[in-house]
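As written, the chains take the letters A, B, C and D, and residue 1 is the first residue of each chain.
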Amino acid sequence: MNAPTRIHDLSIADLSVHSRAGPIVRDVSLSLQPGRPLTLLGESGSGKSLVAQAVMGTLPPELTASGAIRLDGADLIASTPDERRKRWGRAISLLPQEPWLALDPTMRIGPQVAEVHRFVRRQAAQRSETLAHENLRDVGLDHASALYPFQMSGGMCQRAAIAIAHAGGSGLLIVDEPTKGLDADLRDSVVARLIEEVDAGRLLLTITHDIGVARALGGTVGIMLEGRLVDHGPAEQVLMAPSHPYSQALLSADPRSWVRSAPVPSGDVMLAGRGLAKAFGDHTLFEDVDVEVRAGEIVSIVGPSGCGKTTLGNILLGLVEPDAGTVERRKDISLLRFQKLYQDPPAAFPPHQAIRKGLRDLVKLHRRRWDEVETLLARFQLQNALLDRLPGQISGGELQRFAILRALLLDPVFLFADEATSRLDPVSQKEVVDVLLEVARDTGLGVLLVTHDRALAEKISTRTVMLARRDT
Amino acid sequence: MSIETAFPSADRPRRLSARTIGAALLLALAAFAILGPWLIEADPARQDLGASLAPIGGAYLLGADHYGRSLLARLAHGARLSFGMAFLTMMTAALPGIFFGLVAAWRGGWIERMFELLANIVLALPGLMLVLLLLAFAPGNFGPLYLGLALTLWVEFYRVTRATTATILKQPHIEAAKLLGFGPGYILRNHVVPVIAPLIATLAAFAMATAIIAISTLSAISVGLQPPTPELGSMIVELLPYYAEAPVHVLLPAVLIFLLVLALQLVAQRETR
Amino acid sequence: MRRFLLARLVQAGVVAVVVGTLCFVLMRVLPGDAAMRIAAGRYGPDAMIAGAAEKVRQELGLDQPWPVQFLEWLANLVRFDLGHSLVTGAPVIEELKVQLGASLWLAAAALLLSLLIGPAIGIVSGLRPNGWADRLGLAGSVTLRALPPFMLGLILMLVFAIWLGWLPPAGFGSWRELALPSLTLALGLAAVSSRVTREAIATVAKAPYFAFARHKGLPEAAVVRRHGLRNAAIPVVSYLGLQAIYLVEGVVVVESILAYPGIGHALVHAIVERDIPMVQGTALAMGLIFVAVTAGVDAASAWLDPRLRRA
Amino acid sequence: MRFARFLVVAAVAICLSTVTNSAEERLLKVVGPWEIGGIDPAQSGYIFSRLQVAETLVSADPTGKLIPALAEQWSASEDGLAWRFTIRADATFHDGTPVTAEAAAASLRRAQAGVGVLTQVPISEIAAEGRDVVVRLEKPFAALPAYLVNFGNIILAPASYDASGKVTKIIGSGPYKVKSLTPPLKLELENSGNWWGGAPEISEVSYLAVGQGETRALMAESGEADLVFSMLPVSVERLKRNPKLDVKIATIPRTRILKVNAASPFFDDVEERRAISYAIDRAGIAKAILRNPDLDATQLFPPALAGWHVSDLPPLERNLDAARRLLAEAGWEPGSDGILGQDGERFSVTLLTYSNWPELPPIATALQAQLREVGIDVEVSVGNSSEIPSRHRDGTLEMALISRLYSIVPDPTGTLLQDYGPEGSEWGAMGWSSDELLVLVDKLVATSDSQERAPLQRRAIELLQEELPSIPITWSELAIVANQRIAGVQVDPLEVNYGLASIRWAD
């Protein structure tokens, strides 16, 4: 692989980003040297991505940056769009989040790497191909150069993106949410890959909300909140003994640091699946799986993406027919009392209907009283103001709590939480999970939790069912 | 639609203004078409060969055509005719189209396949031929003309409704609604209709535009409605030979058609992109 | 691939039979004495039709029961024989060769022209949404779409044939006669395809892979060429397919205004003169064109978008 | 941008080739409304006759006088039962074979067996004797030579027919031979090289059928056509003002008549028919629609038709009071809605017409409006021309506006014979017949002596004028536009032959 153009230092001094409304990033100062990766932690909207964009030079036109960003002395903020653009791929390269979206769906991987040699480094077509092949081999994709993105797994796409960065031979690598949408095992391999980059002498700036990533990368860690850098220092220090209250909250929100608090079953079996099997086409998801959920307990199904966790849950709910096996439900309980939480909260609400309308209709439909809603709102710390917003205008955490609230109006005996927290930042994840635990405890609700986050499962579930991916 | 999310600030005001202009224009024309005929007492078929091609102003407000028929009256009736026919056609195409679309999306299976086949056959049949064949049953009558147009236009409604509804029904919030015990009626009203309504509105506007153009075109190649029906298309063609002597007379119906379709186009603008 | 072709062939067969039958039935139940109309079509309105009609009736066996005639048609169809025109007496195939051929030339020319105009404008507008080019394009397209084709045809005729005197107002044979009708159609098509292209380009321009291509450091030209056009072409192509279908029948107006001997022209006459074999033949041809076009579009899309080649 | 470049290139290409193309090769471009359906003489023989591809035995000059064509002379036997037509010796077909009496006889036999005018001649036999074609009749028929002028009777070479006697290609004997034929719109001709009349002035001719009258006008104006036939009245005005064009107009023996069903309660009484005639504003129609006041049909035939126009005949004209009076006398009383009625029946009729002649529907709507003024409710139905004959036969026809040609054979007698026979005819009388007229026509058919004929013709016209079995509306004219590039164009009112061979380039 062609050695990266050496960059010795990226220093950010008093960086502020202003919108018409006012500053959205204030006086951020950071520095980054070879061998010590820098990781910015923070929830979405904390301004961490803006910092990265300022460095890359891709801030939206309506935003202006002040302060100084020096890349080996060159001031990035002062530089013209052309100068910025010249750095792309050559000096700075960006690992996009969700690479499978960032690769051209209609072009094979080989050419997508080769074109960098061809058009950025002005190599002959033939040579570009050989070089591209080397880049791919370095990330272990030597067999994949003829594949299209849709034929590759998330991890492969991730590595292909890295290969493209290599091709450019840039010295600074900006990584945006590298683990978004990846499951636990893949996450570790991506992190390992990034560390290799650091060892290869690249500067590494990583943006993430995944504390696990920050911990694994080590180096320097900065924690951002509402546009400010609230905590900054060596990883071990910041992650072990955070100074700022938000940092503490953030860290304590990481499932790894929770105290195990699995609810105890408070009743008999609500729902059981026996010898369940399901296959899509010739691809078998699972065979002969037994699950049972008793009142008041939380059963977790853990496994990598694509192993059929969700399908299993849906089978239990009766949304999908199993190929084999039986689902036993308590006959005397109305089907309405078996409910579901969705992975993507906004998608679980009609996008153009205010929350209030939805709840009102539900209350009317099942002859409940509105004050039940009021009490639940108070209990879940949801302001009344939110009721009149559209789902798109409410944070995922709040929306997920509304989903639970909605389900509780039918006083359910079983709740299938399908990756219910995987899209939330740690803090709101914690809040939602706490609500779940509380409800399970008080109402004897049996919860089936599907997740790829082992840590989470370990901490809160009475029992855990493991599903492995079977690649056929 | 994507564009809008990208450039909200730049986009909204312009798009909206275009639509409001269209709406205003449409209203004005509708008023002309509906009120015109009974405000103007002149009989659109009343000939006065003495006043052939009477100039604008004068005895006839908008002049008279080559038979000395009041152009104002003919335009008003022509507008009403085009408008009415277009609306009727659109309705006749939209109602079954939407209904079939919903049924196909909801029930799927063989019902869907059946409708698909039907739609494909209609598509494969040259729409023009359908109209001509039906017209041959009763030359120059409204019935077959509008029936033929409707027969070719319903497919569009069907396909859009079916496609959109199908995608909506796949979304989690539908499953959620079902789990929460909401019935099909509710889901249709509150989850499906709000989404497809704007699309249908657009289609409707376009369908009407198409109908107006088709009607005038058919009479222009003299297989459409028959004299002395004041049909805008046939008016143009009847007056065309006089373009040297009375250019404005020829332009009037042309401009009217243009405005009608333009208004519908503008109204349809937003959702088309 | 083979399954794809097979499916298409079956579809073609179905269309052929359905369309043919439908026409046959419709033409059958049409009011009016077919023999009379055919006679009128043949010998013109000055002739003594009544006598001629009797001769026609015997000559064409119109007095046979219709099932016989229909089965005859089917049998011939299997032998790819569409029969003879009742009016001109020439084999339908021959007539179609001339008329359908002419229309296809016209359609092809129009499609080509519209491809030169539409997408070009669309790309320019799409790369700078709401720039002046975009607004101009929008205005132009709305205006054109508001003009009935026959009016557009007449306007062009006045401009190019009378005022400028560049092109003949009517006729056929050389490209000069082809120019006006095809331009008339092309403008109508471009009015829409330019907007479709514009949407496609604008959408692609906001796709993450487009941004990533820039971040790779590719020069803008390379970004647009390698990652813009192909992706944008996918929706455009599938749309063009639809257009091509409407095109073949959309020509009728232009044909009758600009005296161009096309399929639409033929269809109108055939129906008026009750020339059943011609109507069936024409409809058949159009139906098959529909099948062919859709097949072509599917193939093209599959070539453009590898995701469609799955399974 | 690639497309941009395409665009430029295309534009340049178009401009360039426009320039190169504007230099035209010398080709006489003729444009007319008539499409070439099939090539059977009965179908489109008139085109080949008018464009001088094929010839008939006898032809007619613009005045209607019969002149020799393929037959250099002809004579009838004393009893008038046998006619001899002598084929000129120097005539050859385009395939080089000589025009023999046998070939001519064959063509005529075929015509007689077909649907053309010859079917109305009482022919017993057509034979070839040496250079003569001999036609034997069952009864004397003086108009026979005139009948042979009709395009249905063009003489084609034996090679034109296939085994089944179907015409497969046109091999005539005229100055032009078919170079290429693209039905239905285009026909290209070239000098046949062996015409008995000598070589034509212009050796290459192309004929293009253009249905839309307005488009034809544009082709003349744009100089794309040298010779354009049958212009719309409205365009004539404009074209006359064009310095580059010559407009030639001739009144032709074609009259637009209102065919009425004299058997129906509406028109059974001659007074009713007169009333209708009074109600019609012919002058207005002629002026506004036909743009020529002289076409106002004051009687059946125009002055141009020598011997068939009776100048001192009281003209048909508009007189609303007379119309109302006559209708009242016939027992029609205005109803509440202004529409006449008679014992419960409204005077409401359907007027059939067809658009083969573009001016018919407009005139129909004019009539509709005018009849409305005397309280007659007319519904106009524009349909296929065949509906009129069929409705005539099943007797459901009420009123029809038709354009009737009286020179199917140069002499109107033939048409009268057809139209006013004992039980009327599809293009003529309906539910009306006059023994006197039958006698007159029989005499006319039998003699060819103009002295004898004149009084008979006059009486026939008077009779038709009194009885109005069908009501004349307007006469017709044929407008031809010639570009000044060419000279020697003359109009043939009988539309037998356009004399292309004698047209030459002006410079």
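Keep this in mind: contacts are C-beta pairs under 8 Å (C-beta built on N, C-alpha and C of every residue); 3 or more make two chains touch, one makes a residue touch a chain.
All values derive from a computational prediction rather than experimental measurement.
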| item | value |
| --- | --- |
| Target chain D, source chain C, minimum contact steps | 1 |
| Which two chains share the largest set of C-beta contact pairs | C-D |
| Chain with minimal offset from the mean of all protein Cα atoms | C |
| Chain separated most widely from chain C, comparing mean CA positions | A |
| Separation of chain B from chain C, taking each centre as the mean of its C-alpha atoms, in whole Å | 22 |
| Distance from the mean Cα position of chain D to that of chain A, given in whole angstrom | 86 |
| Averaged-CA centre spacing for the pair chain C and chain A, given as whole angstrom | 50 |
| Gap in Å, rounded to a whole number, between the CA centres of chain B and chain A | 48 |
| Two or more partner chains touched - positions in chain B | 240 |
| Shared-contact residues (touching 2 or more other chains) in chain C | 256-257, 272 |
| Arrangement of touching chains [line / ring / star / complete / other] | other |
| Pairs of chains, among all present, that meet the touch criterion | A-B, A-C, B-C, B-D, C-D |
| Touching residues on chain C, where the partner in the complex is chain B | 11, 15, 18-19, 22-23, 26-27, 30-31, 129-130, 135, 142-143, 145-151, 154, 195, 199, 202-203, 206, 245, 248-249, 252-253, 256-257, 264, 267-268, 271-272, 279, 282-283, 286-287, 290-291 |
| Contacting residues of chain D [partner chain B, same complex] | 213-214, 217, 232, 234-235, 237-238, 281, 284-285, 287-289, 355, 361-362, 364-366, 368-370, 380-383 |
| Parts of chain D lying in touch with chain C, wherever the complex brings them together | 1, 3-4, 6-7, 10, 14, 17-18, 21, 37-38, 40, 42-43, 114-116, 119, 166, 182-186, 208-212, 215-216, 218-219, 221-224, 354, 356-357, 384-387, 389-390, 392-393, 402-403, 405, 408, 418, 425-427 |
| Partner chain C, residues of chain B touching it in the complex | 2-3, 6-7, 10-11, 14, 120-121, 123-129, 132-133, 136-137, 209, 213, 216-217, 220-221, 223, 233, 236-237, 240, 254, 257-259, 261-262, 265-266, 269, 272-273 |
| Complex interface listing, chain A residues touching chain C | 56, 58, 85-86, 88-90, 93-94, 96, 98, 101-107, 115-116, 119-120, 148, 150, 161, 164, 168 |
